[in-house]
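Remarks on the structure that follows.
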Amino acid sequence: MQRITILIHCEDQKSIIATVTNYIAAINGNIIYLDQHVDADENVFFMRLECEFSAKDWNLESIKSHFETHLANPFNMNWEIYPQEQKPKMALFISKYDHCLYDILGRYSAGELNLEIPLIISNHEDLRSVADRFEIPFEYVPFTKEIKAQGEQQQLDLLAKHQIDFVVLARYMQIITPQLIAAYKNNIINIHHSFLPAFPGAKPYHSAFKRGVKIIGATSHYVTEELDEGPIIEQDITRVSHSHSIEDFIMKGRDLERMVLARAIQLHAERKTIVYNNKTVVFS
Amino acid sequence: MQRITILIHCEDQKSIIATVTNYIAAINGNIIYLDQHVDADENVFFMRLECEFSAKDWNLESIKSHFETHLANPFNMNWEIYPQEQKPKMALFISKYDHCLYDILGRYSAGELNLEIPLIISNHEDLRSVADRFEIPFEYVPFTKEIKAQGEQQQLDLLAKHQIDFVVLARYMQIITPQLIAAYKNNIINIHHSFLPAFPGAKPYHSAFKRGVKIIGATSHYVTEELDEGPIIEQDITRVSHSHSIEDFIMKGRDLERMVLARAIQLHAERKTIVYNNKTVVFS
Amino acid sequence: MQRITILIHCEDQKSIIATVTNYIAAINGNIIYLDQHVDADENVFFMRLECEFSAKDWNLESIKSHFETHLANPFNMNWEIYPQEQKPKMALFISKYDHCLYDILGRYSAGELNLEIPLIISNHEDLRSVADRFEIPFEYVPFTKEIKAQGEQQQLDLLAKHQIDFVVLARYMQIITPQLIAAYKNNIINIHHSFLPAFPGAKPYHSAFKRGVKIIGATSHYVTEELDEGPIIEQDITRVSHSHSIEDFIMKGRDLERMVLARAIQLHAERKTIVYNNKTVVFS
Amino acid sequence: MQRITILIHCEDQKSIIATVTNYIAAINGNIIYLDQHVDADENVFFMRLECEFSAKDWNLESIKSHFETHLANPFNMNWEIYPQEQKPKMALFISKYDHCLYDILGRYSAGELNLEIPLIISNHEDLRSVADRFEIPFEYVPFTKEIKAQGEQQQLDLLAKHQIDFVVLARYMQIITPQLIAAYKNNIINIHHSFLPAFPGAKPYHSAFKRGVKIIGATSHYVTEELDEGPIIEQDITRVSHSHSIEDFIMKGRDLERMVLARAIQLHAERKTIVYNNKTVVFS
């Protein structure tokens, strides 16, 4: 049996679900998971479906082709079909902070992440030893305003060479260039250390401390050209009090960053997110 | 347009979703919500579907009749169809604790609950004035071991007279008799003041205090003959510490009880729960 | 035995705790609770202390007088001493939203709030019947930009007449005038329906929906002249998803507003808050 | 300046705080943190105090000696004084589960844990490579019922040799012998994968799944001879639904186990816990 995941979004129309599920029935497929959502304001239909079918009787390429002709085109769908055994390839961008890096590589080594990590890129040499420890290829790509074009080209070349599907900024402290954003649209995930839209930009824990908030948070989002304004994938918070210093905020925040980023990576790798209108539909 | 909610569960079989959604398409219905779940261990399929159709063109009774013949019977479904404009009728059973009562009646008066409350039954006269304040009929039904049969009969008569659909025990401090449980199977909701299965039975806050737990909880569940062992609808917790006394546990617990019970009532009233195998499927 | 609560803040200096606790020992007092905090950046010391002493042997006024001369003055303290049997008097300001009102009056009637509510002021007549239901005096005080001075004077007169200690804005939809803010400095509590500083101002649920956040929140704070920028007392959040409409946000938010405001009221009434530097110290 | 942490518990008596803080004042010490708790039922006083004093003028050993004679003895205190620069030495006991191990070693390598890890003991060879990766000495100590006495002796010898202060069972799947428990009383920390007292013993996720709970949890506690009944240090929970399989419970639970165990380790290492009456006082 072969398992596939189907993601669809299109204008809301009658009979979409019936048509899709009829097709699954027609190939003797078994629906394992189906969730759908209608954005009533925008009149958009979203669906995620997992099913399995006999790989002997049905060929994935012919299924895709049939799906395109007889379902996607008539309904004018945006659609993707992924075989579940195909693990996406993730590159990590890092700088000097190591807590998210250790967390991701620990989870990866423990077999929790359904993906491959063939590449780590950093604008500093500091964390090479951590990459070595986990035996992940580490590439030092210097990046400053002055050598932006050169840095960007190196990044793009490395990503292409390693056939990277998506990029995770694990507290990477440099801007991502528009060309890279365009090349990996909705495929670059950042972790920001506040509950956005509060405290965008630099030093959010300091701002949170100054404001005297009683909760701090972290936000994982897809990167767009507007800093910290991309579609939010996942957020979480923790309580703080007057008794916590900025250092305590930072330390507690590290736990949030780790957890929120790990969840976002997992959701993306399992194809549970669809981006629409600068927001995400996140299937459970 | 008429809106209906359809709840289904049956043995998992191919083409159920296709068949049901084809039928909705056939009556020119528009699916507003569809969620399904398969219990892989038990091989049971569950679905909740909301749709709207033209009340001019299609009659609810004929839809039910067609559904039974052409869908429910062939697939051997357990099924229910509810028109959404029909609000369920809820009776409250209370004793002397008033916090859940005030909360429910406050929400009801503020228009948050999609139901009617034609009846409050209590085994004490103490809270009659609260019922009066909110203008809800209050019936005093004494209940002790000695007069169990008589009390039960009075309860059943009052529930029948007011055409009650479901019963909520808002910290009612007497046992519910097997006959009443049978008459309102999966339609009696209790709030227990612990995160079950921890601390069943009497005085859970005292037991929690003695054990030195760092979280306390509340659990709302359907009542079955086994005390505190019915299908769980909703649970929540709050943190406690050594600095909290038993009185603090009780006071913090009141907030949990209110909130968890209110959510369970809402879920039940919106037909979002299906009971199977002493567990609940709770659609979001 | 008489129980008192002592609140202190002053420049951090050596021997403050020793001096205060020596004094309690000198009047044969028993310390029931002591918590202290030092703001290291600002070099400010904060302390909350509960103790009991023999009311036969020691008189509260003479204690206060002694405390002032021998402790507060030498250390240049800001200080307050409250007898615990003296319940603070709270006024509610409301408009048309009734959910926080029902919640507060329900808790009050259930005996959960350690305060008195001798007065409700509203700029609309709509909720008079709710006040009547709970037998709380209700005063209609019209308030618009045009009659601001007159409205403010009526408010101040009513607050004075009822000897109000603090004011709670339970979704009151008018601005509070600078004169009222000055008269009740750090004694006016507002509930804002977002996790501030995100989404200040009007329609925060709409903004949150548009931004696609995965958590929404509520914030209770003391009112200052800067809208939604006063010292935060309490915040809480709940998770939302793409499947929730703005109406769902609003309904889930009502639960947050109720809960967060109730906690802030409780903290203030039990004298557990000290305001400093536009932030709060909140003792547990 | 030298910083010390003082932990005290004893029968509640008048003037304890005054006496202790007078002493700190007498050595020109500066109190950085003071928190106290009175267990009113048991009449026990608990205090944690951090202070700094001039290491030139005052010697730690003479302070301890003075403290014992003039404070601890008169009040019959249980007491400990720790210099903060002295990091406790922690041994990890592991079996085959690696997720907590990766998490702890990642945090340790990232400099988040204020302790040293000179030793990992395992009853299997499987995770030696992880220990090697982080360059922590790994000792294989076979342990089965048949060779219990021998295994225990090896464990005790290794702990003694490495001057271990406390032991963490990071999903170690063997019982701890009474002699080891006695040797490290209140110094062996376990992580159990349920919110105790619910689901003690084996396979708690399976039991939770069967019961249909809506929250699952993890509990970190000190090990006593009664399985899963020792003093609880920290607990946390996460929400689950009918849509989660047992495998999902296990995967979500791993995050809880990691987080709860890491917090308990941190609390213990910073000497923030006092055990009394099979419960913990956990200072914030």
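All chains are identified by letter, namely A, B, C and D, in their written order; residue positions are counted from 1 within each chain.
Assume contacts are C-beta pairs under 8 Å (C-beta built on N, C-alpha and C of every residue); 3 or more make two chains touch, one makes a residue touch a chain.
These figures come from a predicted structure and were not determined experimentally.
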Contacts common to chain C and chain D (chain labels): A, B
Identity of the chain that, by mean CA position, is farthest from chain A: C
Pair joined by the larger number of C-beta contacts - A-C, A-B: A-C
Centre-of-Cα separation between chain C and chain A, whole angstrom: 42
Averaged-CA centre spacing for the pair chain B and chain A, given as whole angstrom: 38
Where chain A touches two or more other chains, by residue: 241, 243, 284
Partner chain B, residues of chain A touching it in the complex: 14-15, 17-18, 21-22, 24-25, 28, 30-36, 38, 284
Chain A to chain D touching residues, read off their complex: 98-99, 102-103, 105-107, 109-110, 112, 130, 133-134, 241, 243, 251, 254-255, 259, 262, 284
Partner chain D, residues of chain B touching it in the complex: 37, 39-40, 46, 195-199, 211-215, 217, 231-237, 241-243, 245, 278-282, 284
